[in-house]
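The structures considered in this document are given below.
Look at the two complexes coming up: chain A is in both, with chain B in one and chain C in the other.
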Partner chain A sequence: MSFKKMINSMLMMSLLMPVLAFGQEKLTGLQIIQNVYDRPTGKDQTGELTMTLINSRDDQRVRKIRQYLKNFGQVEKKTMFFISPADVRNTSFMNWSYDEQGRDDDQWIYLPALKRVKRISSDSKSDYFMGSDFTYDDLGDRHPTEDTHNLLREEKYNGESCYVVESIPKEENYMYSKTITWIIKDKWIGLKKEFYDEDDDLLKMLTVKKYEKIKGYWLILHSEMSNSQKDHKTDMLLENVQVDVGVSDDNFTERMMKRGL
Partner chain B sequence: MNRFFEKLITKQWLILAIVLIVTILFFWQMKQNSRMETDLDEYMPQDHPAFVYSNQAEDWFNIKDGVIIAIENEQGIYNSGTLNKVKQLTKALQKMEQVHKDDVTSLYSADNIIGTEEGLDVKPFFDRVPDSDSSLSKLQQNVRNNEMVFGRLVSTDEKVTIVVAEIGDDVFSQEFYHELLDLAKTYEGPEKLHVAGRPIVEGTMAYLGPRDMQRMVPIVIVVIILVLLFVLRSVKSTIFTLLVVLISTVWAFGLMAAVGIPIYAVSTMIPVMLIAIGVADGIHLYSHLFLFMKSNPGVGKKEAVLDMLKEMWKPVVMTSVTTAVGFISLLTSEVYPIKYFGVFTAFGVMMAMVFSLALIPAGIMAFGLPKIKQDSKNIGEQGRAFTAFALFINRHKYATIFVSIAIGAVSIFGMSKVWINSSFLDKFEKDSDIVLTDKFINKYFGGTSTLNVILDSSELDAFKEPAILTAMDQMQQDVDGSLEVVGNSFALTDYLKRMNKVMHADSEKYNIIPDSKELVAQYLLLYEMSGDPENLWQVVDYNYQKANVTFQLKSDNSKALNSALAAIDRHLGNFKNLGVKLNYAGSGYKGLVFSDLILEGQIKSLILSLIIVIALLSFMFKKITAGVIGAVPITITAFISFGVMGLFNIPLSTTTALLSSIAIGIGIDYGVHFIERYKIYAQETGDKNETSRQTMHHSGRAIIFNAVVVIAGFLVLLFSVFPPNRALGALVSLNMFTSFLGTVTVMYVLLYMSNIYFKKKK
Partner chain C sequence: MRTKIISLALIALFLTAGYALPQGLTFRGYGRTYLGVLTEDGSYSIQQNTLDLKLEHKRDKTALYFNPYLYQYPDRDINLKLRQAYLDIYFGNIDIRLGKQQIIWGKADGVFITDIISPKDLSEFLLPDFEEIRIGVDAVKLNYYRGDHTFELVWMPRFQPTIFPGAESYWAPKMMAFPMTPTFDYSNATVESKLENSELALKYSALTSVIDFEIMSGYLWDDNPTYHVRKTVEPVTQQLAGITVTPEHHRLSMAGGSFSATLGAWVLRGEGAFYRGKYFNSTNLNLTDGVVIKDYFHYLVGLEYSLWDFKLSGQFIQEAILDYETEIYQDQFQNTATFLASRDFLRETLNLQLFVYYGFNNEDALIRPKLSYDFTDGFEILLGANIFTGNGAGMFEQYDNNDMMYAKVKYSF
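After this line comes the complex of A and B, so read on.
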């Protein structure tokens, strides 16, 4: 090895070293989002969800729902029963969401007035969930590989050290041109998320108002999604949450949907 | 007064200078601050309950007028080329800055609620443009099966489909219209594209009317100049008569700009009024001067001007004051632009009076008397003609009165047929693009005009009650079915019937309102889960307390609207029993209410000004009889004007309704000048026949000159490209003619028979 070559390789090393060292400490945007996606939330969960829809005139519609969730590995199943308003009481909704990329959710609804369970197909995960400002994707179904993630910066937000990650969808014509998420380090909870429309204008903003560690899992209990363009917002409050209580598989059947609360 | 005039006429240069300076100031104001108001909502009284409610409802349900672009393909629309155009045009419209993304409806953006074997599905008709035969025919089948789209977005013969972009009231501009036309043009061939809709009609009218007026008024002025030259036979007289009119117009608009009031569409009528009314003073003054110079050859200008002022100031002031009062009475209108119109026209009329009495004498003092040709034979002939006319009328006194009464009776019959039309479309040529496009779309679809029925209950969730929903559905079917002009309707009921049907395996038997409140609520929840809940808020409010039923009409004229209103009103009782209030909303309805307000205000002001005028005239002539007689030409003019409109099926509109004001303005002028002369000659001669002859010669001459000048000027408007301006020209001319004829015939006869000013002699 000539002196020149040695110098060259040393230079190479010195250039590479910090990068390698840095890479071990600092996570990429994708890794951060993957961590959020993979954050354990328990094997099963029950709780009461209060969804308050508020329009621009401050009219409110309140829906109370009892929900059951269970992770079956490749598929996550969820059943929801309406408690109120009275005219939709016992209407139930079941959703099977698959890990398999590109596979649509299966959804059923039971209308007690019709006494029949019906399949509903949502072609798109960009459908709004029950008239709220959340899409199915917003509710946490969106797989990290569907976007390109860039860590923009790290900063304090609401007293928490956060990663700020920008996610740009790979799919063209997706409903958002990008989202920016503030993620609490180590807890892997998105504390705030901004959604931008195709013209890069702010469309919606998600704010997490309350999160708690229950049975060792970080769970989001209270959040608000506001659509600034439509001046409409949705408040989601999760109460009486119980985790890992051994929810029976029976809860995720048509028979159970019909039985009601 | 004479002292004052003697002083006044020596200050000719000062007067000319002052008028010039103030005119320049006002002109500068006009240039700087004038602003045209084109938003039609600004015209409406915002605190009127009907408007308050409608505006609220528009806000609740996001009710807006839609621009409709129709894509026509003779070979049918189900081919990938045409469908791609639907998609691209929808996207292009959504990208326009004036259009909200969610406000564009087309086959591409619409939701298809379909029943599948397993349940319900709400999804777009197509996302990627179908290109295989099977996918095209599947789309065709989907559309045929969906009553919410078939016949609404796609014509039943499948050759036309529409893209609707709803836009706000204040969005439309000519640039936007041309942008739309250019956009549509890029999609032409083999498809044909048509652009229509109320915003276009409204916007084009607001633009076309005043622009046409701007083009026509100079021509009107030129014609008036020519006729003035002919009757006055003097360039100087013509120039000053015209200056009086033009300067008073500049002052009126200058003042308007100075106090920050925008120019409304009705304001473009101000010059029309001032031209028609303002030339009268000049003509009467010059006509008097001319006759004085004839009978006193070689008279000095100072003496002639003094005589003119002395003899004529009274009628000039009287006519101007009464005319101004007539316009001021428009303050009783609830419509602000009309109030402003009244006030500023009154101001212009008063200014015209001041200029006539200051500027015309100053002009003569500064630039000399008009030259008159010593054509005595002609004058003698004229004099003889007027005398003969007076004698003729005298001989046929009773016939004159009888004919007048007969005409009055026919007019009253005609008036009973007068209808007010708030239509914008009817203001365009029958073969104009706008009318033809509108017809085209009305032929294939529900209609280009909309009427919104707002149902309102005090109960929460009222519009989930089957009884109320059934009543709504019955109303829709009844109104749709019984009236040709109603193309279709759209409401919450259509969503529910559609869902009920598809949830029952597409069975037509279930194309009805579900029979339980729970089922309704659950369907709605289902829709919110699978569809776009935003769509629901256009037909019902958040708490299901208010609902919006949209009727599509094939015409925007008042007869069509009223027939729909009458049909809907039949259901009032039914809704009342269910605790539901029914109101109307939307731009068409507001237009209708607005026209009624204008008409009502116009009638109120007409009656009020008639009373004021009779009172004023009685006071001025110090005789009630004279006051009543003086009001005859106004009455006749108004009667005939409205009578003709009724008989010839010319509907009242915002412009034509204002014409009754002209009737007052002109009618008074003629009457006052005539009576004033009559009175003077009666006192001079003491002989009734001599008085008649001289009055006819003096006043009758000026009146006929006046009438000829204005009629000639306004007949020019018959060549206007904008039909309302043509109607305006015809009606102003008619009013001038009837005022003139009424004055020299029936008013004269009444004056002659009443023996006022002769009592002592007889």
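After this line comes the complex of A and C, so read on.
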């Protein structure tokens, strides 16, 4: 062992000691959110997503999507093929999300009428996805360092022991002034999340209705986002989920976006 | 009569589809009714009903796609055609598509620079949806994939030219001016279908985390005819006795490229094509056939940005004739710009859009506002206008009397 390596090992030991010594201490808000962010969801995943948009008169609009996800190490790729409604059938959307902090996602859309895969800006994260109550940012993995997290309390919610964490965006003029998340202690799943607008009034609430352990991974299968200010909600159901089935890399290419399902 | 029988068969197929579809066959399309009114005198510029069917059958390694469509007008026979009809064969890294197909190249919006494989149907100028403007070409298309890199080879055994509106149409383009009324000779207007007249094009493209780009080349035919002008002179008086105009298509070699990249919130696009040996009309009728052959460059730069929920896009396009001669009918530099602003409302059920073409040379423009509303999923109501403005003899100004308002109602299934 060289002198430099020995010094490094000693430094590592000194850093680990406090963690070992106070391992039973309360986690911080950041650590809890980091655990949610780091919760393993498998190397790859496929599933059928049904979004039901419900307005105040209970009128419903249904959107069906087949999606593929795969983790390529530093980048997670996702492709969505739109099945219905009829006028968007065969449209596809691809997103490459990078681990690198601060790096924007790359996004492309294929519109069958134009027969062209078009690169789009991923800057519009506050845009609502297909007219639903979910913004693109709600659906993506928001990096924990983008917010300041405070553990408010611990409490039971729907029979589960939860951490209640308040997250305040560091970015000024972000679409939410804060969010409050109820996180199941041993599963690192956000069971409920409240979104507050710039006036600190409740804007939306995300409720997880069903989660399941599939191949050892905790996955959210059914959730609902309701906008209390606009009296509108979106039900999101993920079915036929398959994890670690060896999804081909081809599913994340221009070739497959054009070919469709 | 034959068209009517085919139309009836198509309608019967449509009506019985739910009962007779083989497993794996998807059947979709739309019906649309479209009414256009000229603002000048209130006459109808178009009354059209459309049925567009898309039938697709897929297996693991093969697929069939069939897209017939029909246009019905009150004063014309039903127009039944095939937009596309092709077979796909999928190998490991290779896809082959055989048959009538639309082939789209390039990154530009609403402008054709390297996108010249599928010719255009300009029966209604540039007003229909681009899916309806592009004509399917008979072709063999081979794609070889290596990760995110694609090599594409296209062979078109038969040349398909641009479709222009008839002389009686609202959209008939203005011809160049002649000192006397010319006689048209269409004997050379078509290109004989034979192997040596086939077209070949090659493209390499890549989609990467930094940039998307394409590099392409083609040995093609000019989709638009050149008007060869021959004078007849009275032998004794040497006075002009007649002018004969002979439309003729010529070979055209093209090389080009395009790219698209994001710069923060901006999307930057570029596209350019170099054409070798393109024919241009000259105002000097003493030249042989009144034409000259020049190299030609056509390029575009464009930006996209979102501001206050509006999606904004601007493009600058320039056509440049190299080694220019002042007698060439077309300007040395033809500058055009496009502008698009679009915003969704009511959970993406209502869309407001403005698209503008602006020609700098003649200070003319085509302004296209439109409002579309999804009454329910798959049922769209669209109201819009096409406004032509300008001074002089520009591409858009020539239709100054064709300002129109229109409504389209579309049912998709």
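Here is the rule we go by: the second predicted complex is superposed on the first by the 235 of 261 C-alpha atoms of A that agree within 3 Å, B and C clash if a C-alpha of one lies under 4 Å from a C-alpha of the other, contacts with A are read in each partner's own complex, and residues count from 1 in each chain.
The definition used in the following text is that contacts are C-beta pairs under 8 Å (C-beta built on N, C-alpha and C of every residue); 3 or more make two chains touch, one makes a residue touch a chain.
Just so you know, these numbers come straight off a predicted model, no measurement behind them.
Using the contact criterion defined above for the overlaid structures, shared-chain residue A:118 touches chain B and also reaches chain C. In the superposition on chain A, contact is made by A:85 with both chain B and chain C. Touch criterion not met for A:134: it reaches neither chain B nor chain C. Judged by the touch definition given at the top, the superposed model places A:182 against neither chain B nor chain C. In the superposition on chain A, A:106 contacts chain C only, with no contact to chain B.
By the touch criterion defined above, A:61 reaches both chain B and chain C. Of the two partner chains, neither chain B nor chain C is touched by A:163. Contacts of A:255 after superposition: chain C is touched, whereas chain B is not reached. Residue overlap on chain A between its contacts with chain B in one complex and with chain C in the other: 53, 61, 85, 87, 108, 113-114, 116, 118-123, 127-128, 130-131.
Every residue of chain C that touches chain A in the complex is listed here, in rising order: 28, 30, 90, 95, 102, 104, 106-107, 129-131, 143, 145, 147-148, 150, 205, 207, 209, 212, 260-262, 264-267, 304-306, 309, 344, 347-349, 374, 376-378, 380, 410, 412-413.
Across the complex, chain A meets chain C through its residues 53, 61-62, 75, 84-87, 89, 96, 98, 104, 106, 108, 113-124, 127-128, 130-132, 232, 249, 253-255, 259.
Those residues of chain B lying in contact with chain A across their complex are 116, 118-121, 123, 461, 464, 503, 514, 516-523, 525-526, 528-530, 532-534, 537, 541-543.
The residues of chain A lying in touch with chain B in their complex are 53, 55, 57, 59, 61, 82, 85, 87-88, 91, 93, 108-109, 111-114, 116, 118-123, 127-131, 230.
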